[in-house]
Amino acid sequence: MNSLAAAASTGEAVQFWILGTVAVVGALCTILMKRAVHSALSLAGTMIVLAVFYLANGAYFLGVVQIVVYTGAIMMLFLFVVMLVGVTAADSLKETLKGQRWLAAGLGVGFGILLIAGIGNASLKEFNGLGDANAGGNVQGLAALIFTKYVFAFEVTGALLITAAVGAMVLTHRERTERTPSQREQSLARIKDGKQVTPLPAPGVYARHNAVDIPGLLPDGTPSELTVNPTLRERGQIRDVSQEALAELKALEQRSQEWLGRGGSESPAAPTTTPAAPKEEAGK
Amino acid sequence: MADLSFPLLTCAAALPAVGAVATAALPAARRTAAKWVALLFSVATFALALVIAFRFDPGAKGPFQLTESHAWIADFGVRYELGVDGIAVALIALTALLIPFVILAGWHDADTLEEARPNRRWRPTQGFFALILAVEAMVILSFEATDVFLFYLFFEAMLIPMYFLIGGFGDGASGADEGEAAARRASAAVKFLLYNLAGGLIMLAAVIGLYAVTADQLGTGTFSLQQIVQARASGHLTLGTGTERLLFLGFFFAFAVKAPLWPLHTWLPGAMGESTSPVAVLITAVVDKVGTFAMLRFCLQLFPQASSWATPVILVLALISILYGALLAVAQRDIKRLIAYASISHFGFIILGIFAMTSQGQGGATLYMVNHGISTAALMLVAGFLISRRGSRLIADYGGVQKAAPLLAGTFLVGGLATLSLPGLAPFVSEFLVLVGTFSRYPVIGIIATVGIVLAALYVLVLYQRTMTGPPKDDEVRALPDLRVRELVVVGPLIALLLFLGVYPKPLTDLVNPAVDHTLSVVDKQDPKPEVRVDAVPGHHRAGHPAHHHDAEAAK
Amino acid sequence: MNPVYYLYLAALLFTIGAAGVLIRRNAIVVFMCIELMLNACNLAFVTFSRLHGNLDGQIIAFFTMVVAAAEVVVGLAIIVTIFRTRHTASVDDASLMKL
Amino acid sequence: MENLIALLIAAPLVGAALLLCGGKRLDRTGHWIGTLLAVASFAVAAVLFTDMLGRATDDRALHQHLFTWIPVGGFHADIAFQLDQLSMTFVLLITGVGSLIHLYSVGYMAHDERRRRFFGYLNLFLAAMLLLVLADNYLLLYVGWEGVGLASYLLIGFWQHKPSAATAAKKAFLVNRVGDVGLSIAIMLLFTTFGTFAFAPVLDAAGTAGSAGEGKVTAIALMLLLAACGKSAQVPLQSWLGDAMEGPTPVSALIHAATMVTAGVYLITRSGALFDAAPAAQTAVVAVGAVTLLFGAIVGCAKDDIKKALAGSTMSQIGYMIMAAGLGPIGYAFAIMHLVTHGFFKAGLFLGAGSVMHGMNDEVDMRRYGGLRKHMPVTFITFGLGYLAIIGFPGLSGFFSKDKIIEAAFAKGGTEGLILGGAALLGAAITAFYMTRVMLMTFFGEKRWDPDEVHPHESPKTMTIPMIVLAFGSVFAGGLFSINEAFVHWLEPVTSLAHGHPPFGATVTTAATVVVLLIGVATAWLMYGRRPVPATAPRGSVLTRAARRDLLQDDFNHVVLVRGGTHLTDTLVRLDHTLVDGAVTGTAVTMGGLSGLLRRLQNGFVRSYAAQMVGGAAVLVAVTLLMRGV
C-alpha cells in the first residue's frame, strides 16, 4: 500500500493499457449502441474499469464505492428505468436537427484535442504519490477530511440527498385527484362513448405453446387484433393464425392426397416445417 | 436670505408629488374630485413658485439661492443639493404656471377611457392627472438640482410618467380606428422613450466619467455643480482637453435629444401628434425645456472650453433645426405635427441663443424658453379644443371655422401670431434678442436664421388660412360650437400673459440677467463691442439729428 | 508509466460523453453520457489526488458521486414523469423552451 | 405737453381692445366708438400741432419716455416716443385721413354683420401706424411696422369667407415679412455697429462713422431699403399690393393708399443721415423708385379692375416718393410733401371708387361702368378733383409736389439726373394716360351696365362728406404747402434741406411736365373717349397682357418660389422620414434582424443548447490556453 509512489509500475502500465482500451470501447459503445439497455451495460463495464483505476491510484475507498454505489445501485436504477420506459425503445437513426451530428462530432474532437493539448502543455512532471496521505489508511484519511475540513459540504450533501429522494418521490408519485371510477361508471362511460362494451375478446388458442400472441379468429376466419395484448401489438409480435389454419388445411389436403395417391412413404416431415413460414411473415 | 431654514425648493417639488399620490389614491367613483384635487395642488404649487420668485433676490451675490444641501449617498459623493438662479426661477414659474392650464385643458381627456372598462379598479382619470403632477414634480426638481447626479435622476425619471401619458391617452382624432390609433400611440411612446433613454444612458456614462475625474483629482468624488465649477476656477481640477470634450458630448447628446436638436428630433412630431394636446404641451413647453435649461446650466458651466470648441457645429445644427423645422412645418397635413415641427424650429432658436455666448443670446434664449412655453401652450391648447370638436387632426378637414367659432379662431390666430413672433407679443422679444445675440458674434448665421422668421409666418398663416378662413368646409364645421367658459379660462390668461410680457418683459429680464452674466463669466466670454463709439445714452436725446449739409453735398 | 496518462484517458472519456450528450436523443442515454462525463472527472480528480499527494481530490470525487447519485435519482424521476405524460423519452420532443 | 404723445396711440389702442374684446354688446355702438376714438386722436394731434407751432423752430421736437422695454446687457430698448416735425406731419395725416375714413366706413360697412370687428381692426391699425411714426428707436418702429402689417393682414382678409381675400392677406403678410427681415437685420447691424438703435445717437454718429463704417452703413441702408420695398410695395416686393385690393375699399384707401404703404418713405426719410452716408445705397433707392414708378404706371394702364388700376397708380406714386427720398436732402421734403398730397387725393380716389362700387353692387370691372357722372354727381366731382390732382393739373396739389420731384430728379445732375428726370416725366405722362382712362371708362361714355339689375345711386352722407373733405385737400393742400415753401421749411430741422439746381431751370421742367400731361390725356381720350369701350377686354398686345398679369411678376413668384418651395418641403418631408428618421429606424430594424438571426439559435432543442454550451466551454478552454501561452 505504501509502495504506491509517483511513478507507476510496469504492471500498472499493462493494466492501464488493457483496461483503458476497454474503458474507451465501453464509452464508445455507450454512445453508439442503438438500444438503451446495451448502452447501460457498456457504461457499467466502463465504470467497473474506472473502479479498478481508482484502486490503482490509491483511492481504495472510492474504488469500492464506485462498484457498490455506482455500478451496483445507480446503473441498476438506470436499467429499471429503461425497463419501465421500454427496453426495446431504440433511437431512430435519423438525425432531426440539421447538422447536429457533424457539430457534435466536430465539437467533440475539437474539445478533446484542446483538453489533451492542455494536459500535454501542463508541466506535470513531478508527482508526490499518496504514500504519506494514505499512511494512516485511506478510509481513515478520507474520514478525517470529511468530518473536519469538508464537514459543512458533507452536511449539505446530506441535505441534498434527502431533498433528491423526496423530489424523486414527488415527481414519480401519481396523485389521485379524483375518485376511481367504479365498474358501473366505467361501463356506463363505455356505452356513452360508443366503444366496445363487453370485455375484449380473449386471444385465440393454438395449443402448442403460450398463445397470448395469437389473435382470436372472428366468425369469418379473419383474426381480430383486439384480442392480443397492446404491448405485443406494438412490438409487432402477433402470429396470424388464420394463415396457419389455411396452410394447415392445405397441408392436410396435400397429405391426404398423398395418402390417397401414393401410399404414405415420406409424409410425417411435412407438417412440422410448414408452420414456420407464416411465422416469419408475421415477424416482418 | 441665502440660507432659509424653511426648505422652500423641496416643498415646491414635493407639493405636486403629494398631489400626484393624493390624486391617484382617490377611488374610482370620485372622478371629479380627482380632477379638482389635481387642480388644487397645481395651483398651490404655482403659488409656491410665486413665493420662490419673490423670495429670490436677483441682485444677491453667489450663483444660487435658497440652497438646500444634505448628504445622500455618502459613498459616491451624491448630495441632495438644491438651489436656484434666475433662469431656474423663471422656468419653475413657467412650469408651475402651465400645469394648472394643462390640467384644465385636459379636464375631459381621460373620460373616453372611463367607459372602456367599467370596474372599480379602473381609474384612468386619476391616473392621468396624477401622472401630470408627477411630471411637474420631477421637472421642478430637475430645475432645482445643483447636484449632477440628482439632476440626472429626475431628468431620466420623468420619462416614465411621460411614457404613460403619451402611450395611454389619445385624442381619438387620428382618422384611424381606435386599434390602429392605439398602436401608433404606443409606437410613438416607445420612440419617445427609446430616444430619450439612449440620450440619458450616454449622459449617465458621462456623469460617471465626471465622478471618476473628480474622484481622481480632488480625492473625494463629487457631483456638486458648484464645487466642480469652483475647483475648476481655482485650478484644483483640470480636465484634459479630450476628456472634457467627451464628457461634454455625453451631456450635450442627452440634452440635444430632449431639446430636440436636428437630427435627433424625429421623436417629437410623433409624440406630440399622437398624444392629447395637453400632454403635447407638457412635452414641448415643459419637459423639453429641461434639455435647453440643462445646456445652460450643466454643459456650459461644467465644460466651458469644450462648449466653445463645439460651438460652431452646434450653431450650424441649430440653424438647420430652425430652417428644417419651419420648412417641414409648412408641408404638414396634421395640425399637431405642424406645431411640433414649429417647436423644433423654435428650439433651434433657443439653442442658437445659448451657444452664441452673448448676454443677448443667452438672455434671449432663457426668455425664449418661457415665452415659447406660453405661446405654444396657447396655440396647442386651442388647436386641441378645435380637434376635440371635430375629431380630426387633419388640416384638410377644416376650413371656414372662424365663421362658426370666431372666438376660437381669434385665439388661435393670436397663438399663431405669437408663434411667428409678432412684435408686441412676448416671443418677439426673445426671438429678436437671440437673433441680435447671434448676429453680434456670428453675422452670417444670424442673417440666415432670420429666414426662419419668414418661414414661421408662412406656416402659421397657411395653417390659419386653411383651417379658419374661406367658406365653411361642411355642415359639421358649420355647427362647431365656440369656446366654452372652461376653455376661455385656459386661453385667456395665456394670451394676456403673452401681451404683457411682450410689452413689459423687464421683470423677466431682471430675473435672468445676473444668471446669464454668471454663466458667461464661467464660460469666460464677453459681448462683442460695437464698432462705432456712441456717447449718447439712449433715450436722452430730444431732437432729431442735425442737418449734414456738407455730407449731402459731398455725396453729390 | 506516467500517471498523466490517466488524465488523457479522463479527457477522452469526458469528450466521448459530451459528444454522446449532443448526439443521442434518448433521454436515458443522454443521462448515461452525463454520468460518463462525471466519472471521467472523478478519474481526473483521483489522479490529481495522487499527483499532489493529498486526499482532497478523492474527497471531491466522493462528493461528485453523491451529487451524481442525487442527480440521477431526480433526473430519472423526471424522465419517468415525462414518459408518462408524453409517451416518449426523446429530448427533442421536449422542445417547449422555445416560445 | 409731451405726455400727450402716448395718448395719441392710447386712444385708438383702447378702441381696438374695446371693440375686439367687447363682445356682442358693442355691436350697435361699436363703429361710433371707433370713430370717436380716431377723432379723439386727431384732436390730440391738433393740440400738439398748435403747441408745436407756438414754439421756436429748433425747440419743436418733443420726447416722451414711458419705460425701459428690453434691457439685456448692452442691448437697451425703451418704450419712448419722439414727436418732431416729420412725425407730426405723419400724425396729422394718419389721424386726419384715418378719422375721415372711419366716418366713411360707418356708411360703407353699414350692412356688414362684423362691422364692430372692422372698426376694431381699423383702430388697431391707427395705433400701430402712430407707433411706427412716433417711435424714438428702430426697434419700437419695428413693432409698429409689423403692427401695421398685422392690421393690414386682418383688414385685407376681412371678408375671410372669400378664399381670394384670405390668400391675398396671407400674401401681403408674407411679402411684408420678407421686407421685415431687412428691417430686423438692419437693427442688428445698427446694434453691432453703433451699440444702440435709437434714432438720435445713430443718426448723429452715422456721418462720423468714418471709412471703416461706410460698408456697414451701406449695408444698413440697403437693408432699410429692403424693408421699405416690402412695406411700400416697391419692386421687387410689390406683388402684394394689387391683391390687397381684396380688402374693403376704406381699407384700400387708408392703408394701401394714404398711410401704411408710405411707411417706407417715412423710414428712408427718417434714416436720411444713414443714406446720406451711403451713396451706393442712395443709388439703389433711386433706382428702385424709378423702376417702380414706371412699373406701377404700366400695370395701372392695363387693369380693368378700378381698384387695381388705382393700386398700380399708388405703387407708381410711391415710386416717385422713394425716388425723391433717394435723392437725399434735395428730395426728402418733396417726398414727404408728395406723400401728404398723395394721401389726400389717393384716399379721395379710393373712396370715390368705393362709392361707385357701393352704388354698383360691388362691381369692380370698369368695363361694366360708364356714364355714371349723372347718377353720382358728388362722387363724380370729388373723384374728378382727385383725378386732376393726381395727374398734376397745374394749380392742384399733385402739380406742386410732383413737379418738384421731377425738378429734383433733374437736379441730381449728370446722366443719372437725366435718366431719373426722364423716367419721372415718362411716369407723369403714363399717369395722365391711365387716370384719364379710369375717369373716362367710369364716368363718361355710354352705360355698359344692365339698368334692370343695377341701380346706381349716390352714397349716404357719411360717405360723401369724407370724400368732399379729401377733395378739398386734393385741391388746396399743395398750393398751401408751397406758399413760401412753407412745408419745406417746416420739415427742415428734421430732413435738412438742399436746393438742387436743375440743368435747364424750373420753368422748362414745369412746361415739360404740362406738355407730357397733355399728351397722356389726349392719348387716353383718343383711345377711350372717342371710341366706345368694349364690355369685354380685347386680347391686347403682349405688353398689355403682361401688364394685366402684373408684368408676370406673380407668375415668376409662382414658378420659382411657390412651386420650388413646395418641391423643397415635400422632398424634405420625404427625407425626414427616410433619411433622418430612417437612420434611427434603420438601426432598430437592423437590430431586429440580428436578433432574429440570434433567435434562431434558440430553437428549443436541448441538444442545440448543449452544443452551444460545449462550444462555449471549448472557447473558454482555448482562451485559457492561449492566455497561458502568451
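Per-chain numbering from 1; labels A, B, C and D assigned in written order.
Going forward, a contact is a pair of C-beta atoms (placed from the backbone, for glycine too) under 8 Å apart; a residue touches a chain by one contact, two chains touch by 3 or more.
Predicted model only: the values in this text are computed from it and were never measured.
Most remote chain with respect to chain A, judged by CA-atom centres, is D. Taking the mean of each chain's C-alpha atoms, the chain closest to the overall C-alpha centroid is B.
Counted by C-beta pairs in contact, the busier of C-D and B-D is B-D. Inter-chain centre distance (chain C to chain D, centres taken as mean C-alpha positions): 95 Å. Averaging C-alpha coordinates per chain places the centre of chain B 36 Å away from that of chain D.
If each chain is reduced to the centroid of its CA atoms, chain B and chain C end up 65 Å from each other.
Each chain gets one centre point, the mean of its Cα atoms, and the points for chain A and chain B are 76 Å apart.
Of all residues in chain C, those touching 2 or more other chains are 18, 22, 25, 92, listed in ascending order.
Residues of chain D in contact with at least two other chains: 603, 605, 607, 611, 614. Across the assembly, chain A contributes residues 97, 100, 103-104, 107-108, 111, 115 that each touch 2 or more other chains. A complete list of chain pairs in contact reads A-C, A-D, B-D, C-D.
Interface residues of chain B facing chain D in the complex, by the touch rule stated above, are 194-195, 262-263, 265-266, 324, 327-328, 330-332, 358-360, 363-364, 400, 402-403, 410, 417, 422-424, 428-429, 432-433, 435-437, 439-440, 443, 446-447, 450-451, 453-454, 457-458, 461-462, 465, 468-471, 503-506, 509-510, 513, 516-517, 527-536, 538-539, 541-549, 551-553, 555-556.
Across the complex, chain A meets chain C through its residues 4, 6-10, 12-13, 16, 20, 23-24, 27-28, 30-31, 36, 39-40, 43, 46-47, 50, 53-54, 57-59, 61-62, 65-66, 69-70, 73-74, 77-78, 81-82, 84-85, 89, 91-92, 96-97, 100-101, 103-105, 107-109, 111-112, 115-116, 119, 124, 127-134, 138, 141-142, 145-146, 149-150, 153-154, 157, 160-161, 163-165, 167-169, 171-172, 174.
Every residue of chain D that touches chain A in the complex is listed here, in rising order: 603, 605, 607-608, 611, 614-615, 617-618, 621-622, 624-625, 628-629.
Taken in their complex, chain D has these residues touching chain B: 20, 58, 61-63, 65, 67-76, 78-80, 82, 84, 86, 136-137, 139, 142-143, 145-147, 150, 153, 157, 160-163, 165-167, 169-170, 173-174, 177-178, 180-181, 184-185, 187-189, 191-196, 198-210, 212-213, 216, 272-273, 276-277, 279, 282, 328-330, 412-413, 492-494, 496-498, 565-566, 568-570, 572-573, 576, 580-581, 583-584, 588.
Those residues of chain C that touch chain D in the shared complex are 18, 21-22, 25, 91-92, 94-98.
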